[in-house]
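One structure coming up, written as structure tokens, with questions to follow.
Each chain carries a letter (A, B, C and D) given by its place in the written order, and its residues are counted from 1.
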Amino acid sequence: MKIKFLTTGGTIDKVYFDSKSEYEVGPPQVAELLREANATFEYEIESILRKDSLDLTDADRALIHDRVAADPCSHIVVTHGTDTMILTARALTSISGKTIVLTGSMQPARFRVTDAEFNLGAAIAAVQILPPGVYIAMNGRIFDPACSRKNVANNCFEEIS
Amino acid sequence: MKIKFLTTGGTIDKVYFDSKSEYEVGPPQVAELLREANATFEYEIESILRKDSLDLTDADRALIHDRVAADPCSHIVVTHGTDTMILTARALTSISGKTIVLTGSMQPARFRVTDAEFNLGAAIAAVQILPPGVYIAMNGRIFDPACSRKNVANNCFEEIS
Amino acid sequence: MKIKFLTTGGTIDKVYFDSKSEYEVGPPQVAELLREANATFEYEIESILRKDSLDLTDADRALIHDRVAADPCSHIVVTHGTDTMILTARALTSISGKTIVLTGSMQPARFRVTDAEFNLGAAIAAVQILPPGVYIAMNGRIFDPACSRKNVANNCFEEIS
Amino acid sequence: MKIKFLTTGGTIDKVYFDSKSEYEVGPPQVAELLREANATFEYEIESILRKDSLDLTDADRALIHDRVAADPCSHIVVTHGTDTMILTARALTSISGKTIVLTGSMQPARFRVTDAEFNLGAAIAAVQILPPGVYIAMNGRIFDPACSRKNVANNCFEEIS
């Protein structure tokens, strides 16, 4: 089973440029994370955006939708900033016949302590097992974007009760 | 859904004691890994053995079997050394009505570069989604212990063709 | 010999707040770095500012000067952002009878790959050995602030030739 | 000023071979540590032994002595296991006209939490500043090997009172 990774930016890919004393979205970290995890399944990585998810526009979301829909692969992991991950996930629910899992991280993958590897591992297991549909893999749980949200105060995802 | 972690030792839990210039199985790393990953599901961790998996005896495997079988939780992750993980997994296949996922790592969780978080994330997603049965989560894949093995030369798990 | 650490912020202390998708100066990392390095000398840590060094004002520099001058300890390490480290160092040269070493890092201490521990180790050795005066410890070298600068393009300190 | 690094093995260079479930002395970590620290001084690295320091023989110590003595560089850092670091340092005291600093680490450089970068930074500052002689840089302190020892119980170096 081949997995396609589409990367859009977000905290998971943030790097630090000292020369500007700023923190910016860098190249996708997925490739390095998979190499370090000694992943042995077939995969392909494509960077389609490099943005903080708060900066994603409707046009960006349309682009993500079209790239996922057009992709020949039926198992797709989208790495994404957490702030609007739910919004993008909902924009993908019209796509049928594909298992699509969105994930990201609360701390950049380059940090010594980060949830990036853990979330990526969960997303990869989920995308291989779940039936077609759109899912969020965060905090060790699998969420249905139709009835979940990011709890900004607690810095985690949760179901809407 | 509550997940029970039963830890048995293995590389994932190896620490380094400089005073003896040796590398030994330490306390379970799962608790710290889950905290760092900001896991929000309900869980419980129990350490039942602290051994290199090459040192596990038939009695140890019987103990693991009995603890898994007796546990009230129906979703169980067993952390385990990789060398005999398949053997222990096969010893658990007689247990019905539970989803059991074994995982571990090739590099200790305390290393800067390790597959521990990634494998744990994959195991946790798998144990929540898969139907009752026994599975191995390693290298970003889900294996059936009946037809898989550790490829020692390539340092990864693979299907027996 | 007792060493006093005065922390002023800078990249070394930067943390990431996912809730704001921003990167800010957090609490001083020196305490944790010294604990992890198993440091056994006598020391005291005092946080006097928490700023990006580009944001330091003349009043801030006067404050740093006064705190260093008034400190009873004669061996002082100042952690500081790199962009104006030279400027602050020069503002301290009027203080006599104390060995003062400024250091910081190009990558935050919380990153997996960072120069923070290395620079701190160098600063600590330097402050114990060097005669009274003001020094910069960066890139594995000891600089005289009177004739050195930060090379922003190369992201390192260098002598002015 | 050029610094020569002579590596002899020890905990600092230990890696983990999962295929053997063992922990062994690997290639010298100094090169990677210096690259990560963005070191800008001139240096050269030479691996002369790859041993746990408990396994060093008199012949090994004679070899280290001869290599240090013959080296054209007058500023030398020797990375070394901690258990017999003092012994090797004492064997080098007959060499005149060179500043020689021995260092190593209590936790392997490849660990997420390690004293390797910190100790290396301290050794590098010390070797540039100190007059000719033989020194130990550990725990953020500079020791005279004639009157210091490793305290195995406390896992640190200390002066002999």
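Criterion: contacts are C-beta pairs under 8 Å (C-beta built on N, C-alpha and C of every residue); 3 or more make two chains touch, one makes a residue touch a chain.
Source: prediction; values computed, not measured.
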| item | value |
| --- | --- |
| Most distant chain from subunit C, judged by the mean position of its C-alpha atoms | B |
| Interface numbering overlap (same over half, different under half) for subunit A and subunit B | same |
| Subunit B and subunit C: spacing of chain centres that average the CA atoms, whole Å | 43 |
| Distance from the mean Cα position of subunit D to that of subunit C, given in whole angstrom | 26 |
| Junction residues of subunit C, two or more chains touched | 106, 112-113, 155 |
| Of subunit B, residues touching subunit D in the complex | 11, 14, 16, 18-19, 21-23, 52, 54, 81-83, 106-108, 110-113, 152-153, 155 |
| Touching residues (chain side subunit A, partner subunit B) in the complex | 33-34, 36-41, 106, 112-115, 117-126, 128-130, 137, 139-142, 155-158 |
